[in-house]
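Heads up, the thing below is written out as structure tokens.
All chains are identified by letter, namely A, B and C, in their written order; residue positions are counted from 1 within each chain.
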Amino acid sequence: MDVLTNALTGQGISLSFGGIKVLKGLDVSFRAGEITGLIGPNGAGKTSLFNCLTGAYSPQEGQIAFAGQSLDGLSPAARASKGIVRSFQHVALSPDLTVLENVMIGVARNHDTGWLNAFLPLPRGCAERAEMERAAMGALADLGLADAAHSLPDALPPGMLRLVEIARAIVGKPDVLLLDEPAAGLNNSETRDLMQTLQKLRSGGLVMVVVEHDMDLVMSICDRIYVLNFGEFVACGAPDEVRRDPDVIRIYLGSDDD
Amino acid sequence: MSDQNATLGLSSVDRSGLRGMVSARVGTWLLIAIALCLPMVVGGSWVFALGVCFANAIGVLSVSVLVRYGGEVSIGHTFFSAVGAYTVAILDTRYGIPLWFSVPLALAFGVVAGILFAWPSRRLSGIYLAVSTLALALAVPEIINNADSLTGGYEGLYVSKPLVPGVKMSLQRYYAALAVLLAVTYGLSRLRHSRQGLTLLLAKSHPAAADAFGTRRVWARIAVMGISGGIAALCGAMLAFAGSTVSPSGFTFWAAIFLLVGSVVSVYGLTFPRALIGGAFLTLIPQFLSASGAWIPVLYGVALLGVILAGHYLPQLTQAMGRRKGGA
Amino acid sequence: MSGLLQDLFPLVWSGMITGCLYALGALGLVMIFKCSKVVNFSHGNVAGFAAFLIYGFSSGVLLELSWGAAVLLTILAVIAIAFLTYAIVSPLVFESDLTATIATLGIGLIAQGATLLIFGADIVSLDLPVPRFSTAVLGLRITGYDLTVLAVAVVTIGALFFVIDFTKLGIAFRAISENPFAAEVCGLNLRSVHLFAWIVAAILGVVGALLIVPTTFLSVTTVAAFMLQAFAAAVIGGFASLPGALVGGILVGVLMNLFTFYVSPEYSSTFLLGLILLALNIFPNGILARVEGFRV
């Protein structure tokens, strides 16, 4: 598969709230098979760009496309059906459902049995449920969560819930996985587990985008990093290049000195 | 293989939960068996009251479904139960169509009514939705009274067509209501594990997350209102058949509030025993208090507050007790 | 044309008079909603209970007091009820405003039951000591009752707005309804402001009930039914706006009058339903809401 054609791209994305320009004509390209990091200080526009990609915001200018197909004007639900999924910074699992059931929702969009199957024990509905369960169990096992499958989310530590979120996102075999601060609220060992998991998920066809504060995590797992400041990219490249970039150093080590 | 590991590797907490589930299931079957045998033991007036109790239990379920799957509260479900009741009653009295056809039709009308109401109110939630359902409940008796050529107006209609010719009518009224109640609880237990049920539950607590996985908020609302309206219509249909008469006095604003009271008292449960608690509360308490009707609202109000306050303070209390025990 | 006008003026006039009463009820609902985020469903039933108390205190059923003393005693009773309601409801609000709202339904049921238990289901008459006169202005018949309602409504609402705009308590009330967290951080006492709102609402309810009863008669359901129009008024006004409640009340009064006269008297509740749904969908923040900038 051609890596470049399967990319999530944005051209000239501009977004403003009440006259304040939050994003100023950004060009981005997130390639399949890579983990791309999106970093920057608070208020740089990371979350705004992220929300433009998921469809929560629609930018006033610019186009967002996946594999050459425009996504403009598509709701988050419609983007999900095109294989673009996300995780949430604040864990968004249903407290009424077990971990397994929460993950099953990740494949719901690939199924379409009618309402009769929801109320009656019809063969198609039963087969669908078994299929969804198998997929969800597989995803949980891949992330080492099989033991927690039948627990309720409230009974699990935050690090595990974050992994459950990621399991829910990947179970439907997405083409694009957008991760919103996956390490937020995790302790060091949980962050390490998460990093290993994300490394494992890297595959030829998957576009992965990570918005993150945790520098270590971004630097160690990302193939490419975009650095945002005041709605503009100040740097873009491999971790080592970005680490050496004088602008990035100034932003992160503070411009108070000069 | 990993499936098996997971089921075998259940933690002790989960296993005790499993045991609880098994005993609850046994209890439900026992209750169903008792319900099936009761008419052989108790007298005619009780059989009648219990039939109405089953019908009310369905109504309680319709309100609880909205709470459980939609996170919304309705104080206007008499609108949908009236739709079901009058579908059955009008088809029975005016066209001589028996229950076999009128009940599915009532269900369909209820679903459609739920959807028709959900569409204009799709962006409302919480208190605003509750108030618009209140307005719905207010309009019901007036509409019934004014369409008297069809609905029999104030006097109402008498439902008398048997379901199965030759069987004693009182038994038919009882068992039909019980059968529909069982069917509804069964359907709801299936829904809980279905794809639609899972996505609705996620949409209730995290609409943005549900949206990101392909479930639109508006779809979720309309689906829940459709289900809830359909069940409420079944409640109405059974109220008409088991209670033998329908009249506007059964679908007042207060009746709508009582449905909510029943739902709260059953702690929004969707199982057969929980629904029975709600239904019994609505049917049997007025039966016992028929001599002093003024106590009914007082009792309902106290029960409503009692359950709500217990739900609020009991967890804190048990926590405090646990702490004391742990300290001792 | 002149026939139309001949009907129209009196209809609008009497609609405005009842509208003022709806506004009194709606203002109480909005006061409580603004600070506690609870829709007080017990409002109508408690006000109805209060009307019966006044009847009971002044007619000899319970006591034989003068009208003024009966009203004063009733207001004390209603304040006690407001205290009790607030004590029950306020801890619930932190959990869920819907749960708290359902709890007010419970209190409403108890108030209705108490009315039935003490006074029975019979209809009684409760008169207002108002000057009985009527005069015609430009073909409009204006009675002493109309003027009393108008005067009481203007004075009460004026006093309310004065308190909210210019007193310390009123400013605290506004601060808390804008942002309860910030207000508490600034050292405002939430509890006293909430109680202020609940008590004022209860008194407004009593005033509304007293004024509405002479137009009909007093039964268990009269005042509760009247409060439902107040509900509609509050919804149309946006439920969180005091001026909105006032405008909503008058609008509901006039529109209901016009509808029952020109279209159909039998479908007034259905009309109200339509009005509420329309208002909630077209003006979800009330008819007086400023059109705010689009925010995502």
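Keep in mind that, in the parts below, a residue touches a chain if its C-beta (ideal position, glycine included) is under 8 Å from a C-beta of that chain, and two chains touch if they have at least 3 such contacts.
Here the structure is a predicted model, which means the values were calculated and not measured.
Asks: Taking each chain's centre as the average of its Cα atoms, which is closest to the average over all protein Cα atoms shown?
Replies: B
Asks: Of all the other chains, whose mean CA position lies farthest from chain A?
Replies: When every chain centre is compared against chain A, the largest gap points to C.
Asks: At what distance in angstrom does the C-alpha mean of chain C lie from that of chain A?
Replies: 50
Asks: Indicate the whole-number Å distance between the mean C-alpha point of chain B and the mean C-alpha point of chain C.
Replies: 32
Asks: Provide the C-alpha centroid distance between chain A and chain B, rounded to the nearest whole angstrom.
Replies: Going by mean C-alpha positions, chain A sits 40 Å from chain B.
Asks: Using the touch definition from the top, which residues of chain A touch two or more other chains?
Replies: 56
Asks: Across the complex, what residues on chain B touch chain A?
Replies: Listed in rising order, the residues of chain B that touch chain A are 2-3, 5-7, 9-11, 13-14, 68, 187-188, 190-191, 193-199, 201-202, 204-206, 208-216.
Asks: Where on chain B does chain C make contact in their complex?
Replies: Residues in contact with chain C: 72-73, 75, 120-121, 123-124, 126-128, 130-132, 134-136, 138-139, 141-143, 145-146, 253, 257, 260-261, 264, 293-305, 308-309, 311-312.
Asks: Can you tell me which positions in chain C touch chain B when the two form their complex?
Replies: 33, 37, 39, 41, 88, 91-92, 95, 97-99, 101-103, 105-114, 116-117, 120-121, 228, 231-232, 235, 239, 266-270, 272-273, 276-277, 280-281, 284
Asks: Quick check: in the complex, which residue numbers of chain A touch chain B?
Replies: Of all residues in chain A, those touching chain B are 54, 56, 75-77, 80-81, 85-86, 88, 92-97, 100-102, 104-106, 108-109, 111, 113, 115, 117-121, 125, 128-129, 132-134, 137-138, 140-141, 146-147, 149-151, 155, 168, 172.
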